[in-house]
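What follows is a pair of complexes built around subunit A, which joins subunit B in one and subunit C in the other.
Now for the complex of A and B:
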C-alpha cells in the first residue's frame, strides 16, 4: 500500500517554514533543547492564539497554508505522543496547588491531544474523517498507515497527514528522569560524538497533503513498517525483509536518513541498518536538526520529500558517509524511539 | 470479548447487571484519591489497584491502574476467542487500544516528579497514553501493528474502526481492539471544572438531567475474518463505521449535531444499510444538557421515527476512552441474547425532542445495532454491529 505526497510544510527548530527555507545554516540547541522556530501566525487572532497550546499552534500553523485555496481534504490524520502536555501539566499543577478547587477548564480542554486535529477541523470547517494517533514513537507511523489505508479505500480522495510534538517542562522533566535526555551539556553540532545515554530534546510539526493521484506529486511513500523489539537481530532481519519486499528489482537505497540520536544505547541499531546498505548508499542523519521527539520521523519525511523532489540539497552537516549513488530514487528513513519502537519508511520518486 | 466495569469483572457479570437493572454508580468506593471521591457518584471498579496487580500476576514496577484494567479485559477477550500463543505473536495479529487518561491517572506522583522528586521515579516511563498498550504488547509479545488512539470520548470506537480496516486492507488477519480508562483526579477535576458532573446518578435523556458521572473500566474485542473463525463462537459482525468531526466547539456539540448526524449517516452508508434497518441504538447519552439534546436532534434528523434506543451510562458512568469498547460489548450482547437493557433513571422526556428511551429489560428481535460515541474536539464515531 502506498500513496503520493503532493505538498508539505514543516515548523521545526530549523528554518524550515515560509519563504526562506534554509537548512544549510544549522541553528544551535539551547540547554540541550531544540525549540521550534515559530512564525507569526497571521491566521490566528490574539485571544485564539493565546489559548492554543504550542503543539496546536505549530500543528495548525503548519497545516493551514496547505489548506488555503485548495479543496477540503477528506480527512485529517495526526500522530502525536502527548501534544498539549504543557496545558495538561498546567491543569495537573492547578489540581494539586488549589487542592482540587476553583479550577478553570481551559487547560484541561486544550490539553487533550486530539486538539490539533480538531482545531484544524474547526478553523477550516472540515467535518470529514478526523483522528489522532498517540502511540508514542509510532504515533506518526500509525497515522501514515491510516492514510495508506484511506488512500487504498478511496484513491480519488485527498488527506491531510501530520506529525506533531512539543517540548513541555513536564515531559522534558519526566523523560530526563527516565534517562532519555542527556544530563550533561551537549550541543547539537556535537551530538553524534557523545558517548553517553540520552539525546537532545526536540519538537516540531510536519504536514503533508497526500492522495492516490501521482499527477504532480512530489514523491511516493512506497511502504512503511513498524517493529516492536529490543533485539537488534530481530530488527535487522525485519529491515532486510522490508527492503527485499519493497525495493524494485535492481534498485538500491540511494539515501538512508538515519534517526541516530547520540544515545549510545541505540547506536547499534543504526549501525546495523547502515551495514545492510553497502558502499552505494549515502548515509545522512537528521536528529541534530530537530532533536529527539516521538514523531521526529515526520520531520525526516519532510526532508526526504524535499530532497527527492529537488527542492533542497543535502547539507554537508547531515552527511555521515557519502555513497557512490549519483541519482536520488529511493530514500529509506529508519528511526527508533526509546529503543523498543522502530520504523522504516520507503520514499521513492514518482515513476 | 472481555470487559471490566463498575457493574462487573467479566462479560457474564456485566450481562447479569444489565438484565437486572443493577447500577454500578455509587458514592465513596474509595479506590482513587480525590476530594470528590466520596462526594460525587462514580462508576468505580471496586477492586483496589494492589489487589488487581495480585490477581493479574503483575510484578513489574510502573504499571498504572489504567493498564491493569486493560490487562484484565484483554485476558478475558483472548481467552474467550481462544487465541493461541502462536496467533498472539504472529505478524498478522494487531493490537489497537484507546485511552484518554493513560498514565496520567498518577497526578500526584507526576506532580512530585516534575517538582523536584528525583527518587521515586517508578512511573516516569508510563506517564503517556501509549504506556497501556505497550505493556500489553510486551507481555504478550505482539509483533503486528500496535497502536493507541485518543480522540477523547470516541477513542475506542476509533480503535475498533481502525482494527477492522487493518483486516479489510490486508494488514492484519486478526485484531484485538478496545480501550481502558481509570478514574483519576485529572479527569474528575477536568469535568468538574466544566460543570458537567452530576451530584446524583446520571439520567440520560431525562428532561431534568444534571450531568454525567465518570466511570472506569476496560473492554477488548477480538475481530477475525469470518472465514477464519469456523467452529468458534461468533457473537456478531462489525458491519459498518462512520467518523466525522462536528467542527463547532472544543468541548460542546453544535446545536444541530452535524458531527453526530454525519457519523451515524456515514456508518449506515459504510454498512450499506438504511435507517429503517437499525433495530436499536446504543446512544452516547452521557446525561449532560448538551449531549443528550443534540444527540436526540441528530437521531431525529436521520431516522425520522426512531428505533428503540437507550444509554448504558446509568450503569457504568462515562468511562471515556473505554466507553465505546464497553458499549460495543453491550451492543453485541443485545444481538447475541436478543434483548434490550434499560436506560436507568429516566423520568420525563426532553421537552424539545420528546424522545423516550427503553426503560425496562425486554426480549426483542435484534439484527442491527448502532452504537454512538461523541467526544471533545467534535470527534464523533458510530459503529454498527449486525447479527452474524
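Now for the complex of A and C:
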C-alpha cells in the first residue's frame, strides 16, 4: 500500500506557505494556541472569502496552488476531524437562541466537514471522486489509506490528498476541561519540558498531489498503519511489526518524526517508539511548530516530504537526539492522538 | 430610537451578520447601495438581511417585492424599521 508524492503545500502556524518558507525561526504560541499564518488568498473571488470558515479558507488556500495549471486530479480526498467547528457551533447556538426558527444557511454550510473538499472541487471545477474522512485523530490517516487503495487500483491516476483542522474556541474549551490542553500558561518554546497533562492547541492544512507514478516524485509513502489501543506494549509491538514488514532488509530509520506533544500521559508511547530505533536514528519533534490537532500528522508528512526531497533542512529546535545516520532515506512518522489512536507512516526516497 | 442612532446600530449589525470584517460602520454610507456596485452584497446576503430584520426587530418580510423596496440602502432599511419594528 504505497504511493508517490509529487507536490505539497502547507498553511500552518509557521511560515510554511508561499515563496518564503522558513521553519528555522519558530513563531511563538499565543495563549496556549498556535494559530495558522493565513496568506492573502487572491484566488477567492467576490463574497466567497468572508463566508468561508477558517478550515475551508486554509484548506482551499493550500490546495488551489497545487491544482493551478495542472490536469484535474482524479479525486479529492480530505481528512478532518474538527473542520468548520466554529461555524458549526454558531449554527447550533442559533437553533437554541431562535427556537429552531429563521436559520440561515451560511454557518450550516461552512460548518460541515465536507465543505473543504466541496469548496476545492467547486472552485477548481472538479467533478471527480470527492470524499472527506472524519475519523477523529486518524482522519488524515484514513484519507491516506483511501488514496493508497485508489492508487493501487489505478496507478496512472492523480489525487489531491489533504489534512485540515482549525482551532474552535468551543472545542478548545471542552478539550481543555477534559485535560487535553494545558491549563497553565505554556509556550511552544518549552513545550517538551512541561510535566503536566495536555498540550498546546494547533491548526493547519497540508495538501499533497499523489499518484502511482514515481517519475519526478518528491518521496514515496511506503506504508501506513493505524493502531487503536491504550496499551503501550500493544502499540510498541505493532510499531515493531510495522517496521519489520516495511523496511527493506539492511535499512534503518534515518529520522523519526515524533508527535510528542508535552502531555505527560502520552510521553511513554513516544519513548517506546524511540527506544525501538537505536543510536543510528535521529529523533525530531514537530508539535511545537504546529500544536496538537487531530490531523497534525499531515503537517509531519509535509515536513518529511520537504526533508527527504531536500527542500528543507532539519532545524535545530526540532532535534531531540542526533543519530549516526548520515543521509535521509527512510523517515518514520509516529503520532498519537488523545492516547488511544496511533499511526505510523513510512516515507522513503524515490528509488 | 433616533434615526441616526438606528442607522449606526444597523451598520454594526450588518457587519456582524454578514461577516464584513474588513469594514467599519464608518465605511458604510447611508445612501450607498447595499447590492451591486455599492457594498456588493448578493442574494445569500439578502436572505441574511431578512433574517436580521426578523430576529432583531421582529419584522417579517414575506413578499419579495416589498424586500426589494426595503433592502436598497441604510436609509431605506432604517426608515422601514422605524415604521414596522415590533421590538
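Here is the rule we go by: the second predicted complex is superposed on the first by the 350 of 351 C-alpha atoms of A that agree within 3 Å, B and C clash if a C-alpha of one lies under 4 Å from a C-alpha of the other, contacts with A are read in each partner's own complex, and residues count from 1 in each chain.
Rule of thumb we're sticking to: a contact is a pair of C-beta atoms (placed from the backbone, for glycine too) under 8 Å apart; a residue touches a chain by one contact, two chains touch by 3 or more.
The structure presented is a predicted model; accordingly, all values stated were derived computationally and were not measured.
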Output check: A:50 vs subunit B and subunit C. Expected answer is one of first, second, both, neither. What do you get? second
Could you look at A:104 and tell me whether it touches subunit B, subunit C, both or neither (first, second, both, neither)? both
For A:114 in the superposed arrangement: first (subunit B), second (subunit C), both or neither? first
Identify which of subunit B and subunit C touches the larger number of residues of subunit A. B
So in the superposed three-chain picture, is A:42 touching just subunit B, just subunit C, both, or none of them (first/second/both/neither)? neither
Looking at A:95 after the superposition, I want to know if it touches subunit B, subunit C, both of them or none. Which is it: first, second, both, neither? first
Return the residues of subunit A at which the contacts from subunit B and from subunit C coincide. 103-105
Tell me, which parts of subunit B touch subunit A in their complex? 34-36, 100, 104, 107-108, 110-111, 113-114, 118, 121, 124-125, 127-131, 133-134, 137-138, 142-143, 145-152, 158, 162, 165-166, 168-169, 171, 185-186, 188-190, 192-194, 243-251, 258-259, 262, 375-379
Spell out the part of subunit C that touches subunit A in their complex, as residue ranges. 18-22, 40-42, 44-45, 47-48, 51, 54-55
Counting only contacts in the complex, subunit A reaches subunit C at residues 46-47, 50-51, 98, 102-106
Touching subunit B in the complex: which residues of subunit A? 1, 76, 81-82, 88-89, 91-96, 99-101, 103-105, 108-110, 112-115, 117-119, 121-122, 124-136, 138-139, 142, 145-146, 148-149, 152-153, 169-171, 173-175, 177-178, 226-229, 340
